[in-house]
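First subunit A sits with subunit B, and in the next complex the same chain sits with subunit C.
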Partner chain A sequence: MIVMTKDTMQIVREQDVVPFRNRVREFAAKIGMSLVNQTKLITAASELVRNMLKYASGGKVILEIISKSAQTGVRLTFVDEGPGISDIKQAMQDGFSTGRSLGLGLPGAKRLVNEFDIQSTPGTGTTVTIIHWKHGR
Partner chain B sequence: MDRIPILKMGPYLLVTIQVDLYDRLALNLENDLISMVSKTEAKGVLIDISAVSIVDSFMGRILGNIASMSRIMDAETVVVGMQPAVAITLVELGLTLQGVHTALNVEKGMELLQDLIGLYGGSNEDEEGEPDDRND
Partner chain C sequence: MNITANLLQKQKKRILEIWMQNQLADSALRDDLMTNDELLKQSEELIDALARAVKSGNIDNIFAAEFDQITEILSDVSITRARQGFSPRETGMYVLSLKRAISTVMEDEYKDQPEVLYKEITTINNLLDQLSIITFETFIKSREEVILRQTDEISEISTPVIRVWEGILALPIIGTLDSARTQVVMENLLQEIVNTGSNIAILDISGVPAVDSLVAQHLIKTVSATRLMGAECIISGIRAEIAQTIVHLGIDLSNIKTKASLASALQLAFSMSSVEVRKINKNTGAGLIR
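The block that comes next holds the complex of A and B.
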């Protein structure tokens, strides 16, 4: 896998969300992703960055354009040093939330993108990685 | 503080969201709309989201809240102008906006509102998708 462009954004308050979404849009547009796929990626990113703010009071996101066997895509890595998730399986279920939200954030984001990975250690933090390929598959 | 303008037109309140909403702005809109419904005794709320490119679960919940709160205040809510890419994304996300009326554009939205609140003599003559048992 080759990384072609890389950028890091700190997310510490809710006002950072809109500029962050715009940056994701720039990355997706740069590789010629269709509008529907752009919207899916940005919506997933929005859910994840919102989780990061809500549960870990912020963190950072690494934005990358990657290339793998003739495929181009956008990879986003959300890194926080929050309380971590003790039961990832439960957190990935539709409708489960420890906050007062709809509980669609994590499972919804997973459905919207091509690749989704979550690693979490209670007390240390959570890292979520998503990849959406140019053609959406 | 940033606010989204709410226009009053007869028994309706009209809102056009022209910017990408961040949370505070969306919550302000929710509060402002509900107080306006109460203050103006509005019967219908029309929210135009044709310029909104991203609706995530938070924004979806706000739209649902506005509809439920308005209904308790005796007003109907119609969301109009959703972009196709947004609709596709919402369904995959798992958000079906239950309880929120939708229409393709402002014109159709106004017609739907009129039907919903039965302005014209209480009975809707042009049957908005409601099968009627009475057959001639």
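The block that comes next holds the complex of A and C.
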């Protein structure tokens, strides 16, 4: 896997969400992603970044354009140092929320992108990595 | 440090003179924004306050009580300058040019004692550097206040409720729908429903760039609140890519009436309130039939 473009953004306030989404859009448009795929990626990114703000009061996101066996895509890594998730399986269920929201953020984001990975240690933080390929479904 | 304190008091006139010269010599001085007399008064006050503060012996902690007066003067200077339209460079130069003035006077005074000169200049430099940071902080803060005020104004003006027909309201939402925005939208909409006695409201989200679960939740809340008021709510402007995203996210909007465009939402609203819109028949001249 080759990383072609890399950028890091700090997310600390709700006002950071819009510029971040625009940056993701830029990355997706750069590799020629279709509008539907762009919207899917941006929405997933928006869900994850909101989670980060709500539960970990912010963190950072690494944006990358990656290339692997003739495919190009955007990889986003969300890193926070929040309380962590004790039961990932439960958090990935539709409708489960500890914050009185719809409980669709994590499972929804997983359905929206091609590759989804979540690592969390309670007390240390959470890292979510998503990849969406240019010709993703 | 008392050396500096004494020097500041003794040489106040000279420092002030050199400082004023420095400020006036700066080609970027905005005498259009501020008179020289004002500048002189401001500068004199600051040197007085500085001399008093340094005399107290505290030169490291600018947050101590001795420095209250200085920080107050500096904040005042930056805030007024930010409002008057000075650039950050001009505001920063104000304190930094004082540093140059004091250094010049010290150089003359301690020509024969390089060690004392070095020590005193270093301490006064550190102090004034910290003070110049204060001017920057307050300058940026007052600019940020302006931005915050504008944000509030934008959210106010960008949520108009339009009466498109008797009993039908339309509310075009433009921009991101966050919690604060939803509150404004909901309040405006519910108030307008009361004022006009409307029973159908169309929420148009063509101008919302991304619909994630939070935005959807806000929309659902708005629709529920409208229903509690006895009005029906139609959401229009759902673009193809947004429809697909909503499905993948797993958001259930099935018990909300949704339409792709405002036109079709209006049509639905017409049929719900038994209004028919027809083309004019030129021969009879009849227009809209209700």
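One rule holds in what follows: the second predicted complex is superposed on the first by the 136 of 137 C-alpha atoms of A that agree within 3 Å, B and C clash if a C-alpha of one lies under 4 Å from a C-alpha of the other, contacts with A are read in each partner's own complex, and residues count from 1 in each chain.
Heads up, the rule we're going with is that contacts are C-beta pairs under 8 Å (C-beta built on N, C-alpha and C of every residue); 3 or more make two chains touch, one makes a residue touch a chain.
As the structure is a computational prediction, the values presented were derived from the model and not from experiment.
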Requested in this report: Using the superposition on chain A described above, determine whether A:Thr77 touches subunit B (first), subunit C (second), both, or neither.
Outcome: neither
| Given the touch rule stated above, what does A:Thr127 touch, subunit B (first), subunit C (second), both, or neither? | neither
TODO: Using the touch definition from the top, say if A:Ser101 reaches subunit B (first), subunit C (second), both or neither.
DONE: both
* Asked: Of the two partner chains, subunit B (first) and subunit C (second), which one does A:Val17 touch, if any: first, second, both, or neither?
  -> both
Residues on subunit A touched by both subunit B and subunit C 14, 17-18, 21, 35-36, 38-40, 42-43, 46-47, 50, 94, 101-102, 104-105, 107-109, 111-112
Touching subunit A in the complex, subunit B uses residues 20, 22-24, 53-58, 60-61, 83-86, 88-89, 92-95
Seen from subunit C, its contact residues with subunit A in the complex are 176, 178, 209-214, 216-217, 240-242, 244-245, 248-251
Within the complex, subunit B is touched by subunit A residues 14-15, 17-18, 21-22, 35-36, 38-40, 42-43, 46-47, 50, 94, 101-102, 104-105, 107-109, 111-112
Residue positions on subunit A within touch of subunit C in the complex are 14, 17-18, 21, 35-36, 38-40, 42-43, 46-47, 50, 94, 101-102, 104-105, 107-109, 111-112
